[in-house]
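You will see chain A twice below: alongside chain B first, and alongside chain C after that.
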Partner chain A sequence: MNKKISALLLAGVMILSLAACGSQGSASSSVDPSGETVGLTEAFAEAPILVTSGGQSADYQMVGTLMGKIGMDYKISNLATSADLGDAKTLIVVVGGSSKGLGAAGIDADGELARLEELIDGAKTAGLSVIAMHTGGEARRGDLSDKFIAPIFEKADYAIVVSAGDEDGLMSGICSGAGIPMDSIDSISKVATVLPAAFK
Partner chain B sequence: MKKVLALILAMAMALSLAACGPNPAVSTPAEDEVWSSTDENGNLKLTKRDDVGENGMVTTANVYATMAGLEVLEQGGNAVDAAIAISYALGVCEPNASGLGGGGFFNIHMADGREVVIDYREVAPMAQDAYTWLDETGAVKDNGNANHIGGLAVGVPGTVAGLEYALANYGSGKLTREQIMQPAIDMAREGYKAGGTLVGAMNDYYDYMVTNYKVLGDYYLKDGMPYEVGDVITNNDLADTLELIAKGGKDAFYKGEVAQAIVDTVASYGGVLSMEDLASYEPAIREPVKGTYRGYEIVSCPPASSGGTHIVEVLNILENYDMKALGVNTAESIHLWSEALKACFADRGAFMADTAFTDVPLAGLTSKDYAKTIYEKITDQAQTWEKGAPWDYQGDSTTAYSVADKDGNIVSVTQTIECFWGCKIAIPGYGFIMNDQLHDFSTDPTSVNKLEGGKKPLSSMSPTIVLDAEGNAFMSLGSPGGLRIWPAVAQVISNVIDHGMNMQDAIDCVRIYDRGDASGICYEPAGENAPTAETLAALEAQGHTLTEKGAWDLFFGGCQGILFAEDGIQGGADPRRDGKAIGF
Partner chain C sequence: MGKKNYISAALCLVVAIVIMVGTGKNFLAAREVPLPEKGPSVTEVKMLSDWFDGLKDTNGDTPVYVLKGEKEGGAALVLGGTHANEPSGYMSAFTFIETAVVEAGTVYVIPYTNHSAMTHNDPGEGNIQYFTIPTQSGERTFRFGSRATNPIDQWPDPDVYVHYPSNQQLSGSETRNINRAYPGRPDGNLTEKMAYGVAELIRTENVGITFDLHEASPEYPVINATVAHQNAMDIASEGCIELLLGGIDMALEQSPTNFHGLTHRELGDFTDTMAILMETANASQGRLRGASGVEQVIGGLDRFYEINEDLGMLYVPFDENGHPIEERCGRHLQGIYEYIAAYNNANPDDAIIYSGVPGYDELFLNADPATLGGAHLGSFLK
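Right, the complex of A and B next:
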């Protein structure tokens, strides 16, 4: 019983602290005191949208393709920095590490992490909403991909995760612990179903 | 109550999905019961890859290619006929790994005693040289990618010429080229279900397919997205091209409209492949490289592949130890494999290249006396190895599959387009993908393996046949996996001969890899006979660097093998990829 009360208090504090951040697009969710993730309950994000990679796998391009199919307008840049945010009001970071992609982009994992931290911090400072995605399933887990998960998901306002990539609960744990709404989907194609609901 | 709600919800979801209507790019396969390499959770199956046959065996990297080979055997073709059918079929259902735009090595052991290796490895276009890829600073152009992506990575493809040579000289004569190619043509037209490895390759290389290499995406994306496991893929353009070859033979590919399309397309991506390069391509007909291991004869692939030579070399080194007593993947045995592999890799870098351009000390490298000199240098500590002195011993003398028929003919083939999806160039209207085989040349203009016009890049492909002491067929095997190929093949041979494993167990067994670089010993942390924590600690204490790869990781290759055992002809296929063995 004490644990439940503590969890409720903690959740309440976290909601208040998130609200205090002043992000213009913080997502709304009711935090489940049981510690389970809660899906998005109402739209919070706004266009224009900037999509970037979190680890240089091709998953960010697949998300872009899906957004294009349903008519969502977006800009995409795999190496975006805060200087590229422009008039964007929402930043989407699609997490997935790829040695091949890092090599092709001419950046190493530490450099990629530094880029993402600078970008997300810049986005938060500018009041953008941040959406974290992990759409590559089990294939995008492991040492390289995992390096990017916590730094990005912990700063997100909303998360979308293909469930096969979260069997160990890493991402749902981060989201439930921080009161970040998270929707689990069974394949990347379902991004087209859940993502529009996040936008006003 | 919850169950009832869940049922209603599930029914509603099913109805809503049905209401979406069929996706025109995805059809229901006629043979829905075809074995799948992937389970209901999307993971590669770790079991039921093997089979036992009485009259023959086919084991390949894809069940559809295995069935193509069986179909030809059942029509009365021999192992060579079946192998040709498989090569064309793999180009359809495993297009990321091999096909018309690639090359390979075809190792044949005929029941009448004839042995040959058909080397249909690609050669460099005559207009390219060692400086082709380099900028004024000596760096590889295009952010280091020019030697493996785009037109300057393309070698003259050898697959069609090699298979034509095999058919004309070693085929049964009972089946026509059209009959042998028909399973591949039918598959390209009617479709095959995507397996997990292929889907993974689509996901990994999606960025190329939607940017600079959209023709590749036109063939291998579904509505702009990667296929999912179980989706049916067709390629009518490829079926048409295969029909042209079936009717017109080699010339239908190396001359005329197909050749012109290759030249024009490669040129549009900056390449310099010419009609003359294509028209003059001929496979090299070679004697296999040979050695022995504990009384068994190893018959494998000579240069332009380094693989067979180094399989013999590493096994010659390890023959000096009682590997059976040392056990499977113990600290002692892994240490010896690591040291022996590093010594072989040092020799590979120093000596191995296309023998048409460079003298290679083949006899020395495969000499047991030379191996003894390496054995004598191995201590109980990890070492850095430099090239040996094989010249002093000269006087002594990327999909892989195997087929065995009822008459005792055996074929082991490894073929490739080099990296997954080759150089990423697909030929529009013809449906096949060009290799990036020039990637296997060194970019160092002073290297023995530097690029020269007409030269074959050094390979590691190792289609291997093992005979028993009486000269009878004992085993046939090969693997994809780049530099990891010959270490993988050598370890599987040892697993059978030293440790008495059956074919599937020998393939399943956890493998290691060490080429003497900063990664040290690469290993699989879980799986069959995985090294224990104590073993890993002992290796570190010996001075080894350890790099953990994934369990059942395709980094370690994808071995297919056949073993002639007392219970019949055993076929094994590697769970690290989509392989499947079927006997009959």
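Right, the complex of A and C next:
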């Protein structure tokens, strides 16, 4: 009898565990995807520009390469803090989590989040414009990447998102809710078209 | 003992001998691995032992195809068959050797980086041993090997593999994985010697850029991806953007500094080369696949992966078209092209210029779907 009770209890705990797993996944899709985002209507940002990573994926380097190709002048630092802002007037944070990238940078996800919060708060205090970008599409979504999205996008003045990474409306929901202009593009290469329009 | 017992014993003995002869022949035949035909730019076929003689007369020695252009230029190295159960790696190397016309610089191609691993397979996985595809000269048969060095050549495995020189500890079986053995050492085990030979080639020939071609199971997170050493990230970023513009979904990752033994870490640290590794999706790997077969290996098909795609378990899209060998080789060969183009932009005096190698469009996008799964790839092979 005792064995039967134990087995039933164990089964109950397992079912509860599964339910707990399910609830975490549904949190990211609980954002109302019906919110309409508004694209950028006028230039607001100024050079000099500092580009950093938000999660240590290599997407920030690809954005930097694209900016270089179209002649935009920028500094790049994947581990920038507020002390590195210098004379920058715009901070671009390219969001995307990568466990390999975090390993390469010698930082864990919590440390990266703390760095970004300190950097963005410092930038806001110093009056910099903050542009959040998510260019890695679906491959840069999931538990690790999602951890960085809200803290960065909520504080941005403008957002650029590759639409394949926003099918659940997480980023468009944040932007529409906070009145942040956001442009959706179909591939990272379109950054070269929309980003210059943000600069005076 | 009665007469009947003698007859039964004799019959059992004969059956045992027949099985032994059959399996023995099969076992020994695995030591013969098919080699590429020489393409238009192959000027020399050397052996890895020419750079490190500690490999001479071992099963770790392997052919190195030298494709030298008429004009001076830089040097590139293509590593196929690091893992001999990842066929798009060595089939891309075959295709490059048999089709490339090198105009400037030198390209070194090693089709079987771990030659020993090509001489056995993983029977416990139910893996195939061979696959055959039609080519310009008729049907050609290729080997399907193992991820690790043949235990005939290196045995036993330690309980814990301690990487040299980092002292990183890994599972004992990884001691036979050449992509955990770099930079290698001249007095190490056979796998470490092979890795050392590759590093010596790079150092001696001043190889500016090195490609390591891999495949991964669809449920592995780092897939349809490029991993680059930090000194290659500028080039990798530029090449990756070109691949994305060309319609190839490619993620870029920087090599972690704390994961040792891999080409993208150690060849960048211990030589002057820019080390780049590429991964494609292989349906014959992974735990979520169905029974192993040729349709997985070169067709890239698996109905269980289709089910797992619906369940959200995979990191690459997987439908009834799968990921045929033409798509996987096309990704690798287009990747080599774009990353070398980016390398040339950064190093115009050491440019490596070649043509004639089919890329993603020719191998996959523009192919008749009915010919995918080996026949179309074979049409480019001699």
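The rule is simple: the second predicted complex is superposed on the first by the 165 of 200 C-alpha atoms of A that agree within 3 Å, B and C clash if a C-alpha of one lies under 4 Å from a C-alpha of the other, contacts with A are read in each partner's own complex, and residues count from 1 in each chain.
Keep in mind that, in the parts below, a residue touches a chain if its C-beta (ideal position, glycine included) is under 8 Å from a C-beta of that chain, and two chains touch if they have at least 3 such contacts.
Quantities reported herein were computed from a predicted structural model and do not represent experimental measurements.
After superposition onto chain A, the modelled positions of chain B and chain C overlap sterically. Looking at the shared chain after the overlay, A:139 reaches both chain B and chain C. In the overlay built on the shared chain, the residue A:71 is in contact with neither chain B nor chain C.
In the three-chain model built by superposing on chain A, chain C overlaps with chain B at stretch 458-466, while the rest of 458-466, 512-520 or 530-538 show no clash. Looking at chain A, you'll find residues 57-59, 61-62, 65-66, 69, 98, 100-101, 103-104, 106, 136-137, 139, 187-189 touch chain B in one structure and chain C in the other.
On the side of chain B, the complex with chain A involves touching residues 41-43, 143-145, 200, 203-207, 210, 223-226, 228, 550. Per the touch definition, chain C reaches chain A in the complex via residues 221-222, 224, 227-228, 230, 233-234, 236-238, 240-241, 244-245, 249, 251-259, 315. Across the complex, chain A meets chain C through its residues 56-59, 61-62, 64-66, 69, 98-101, 103-104, 106, 136-137, 139-140, 187-189. Chain A contributes residues 57-59, 61-62, 65-66, 69, 98, 100-101, 103-104, 106, 136-139, 142, 164, 187-189 to its touches with chain B in the complex.
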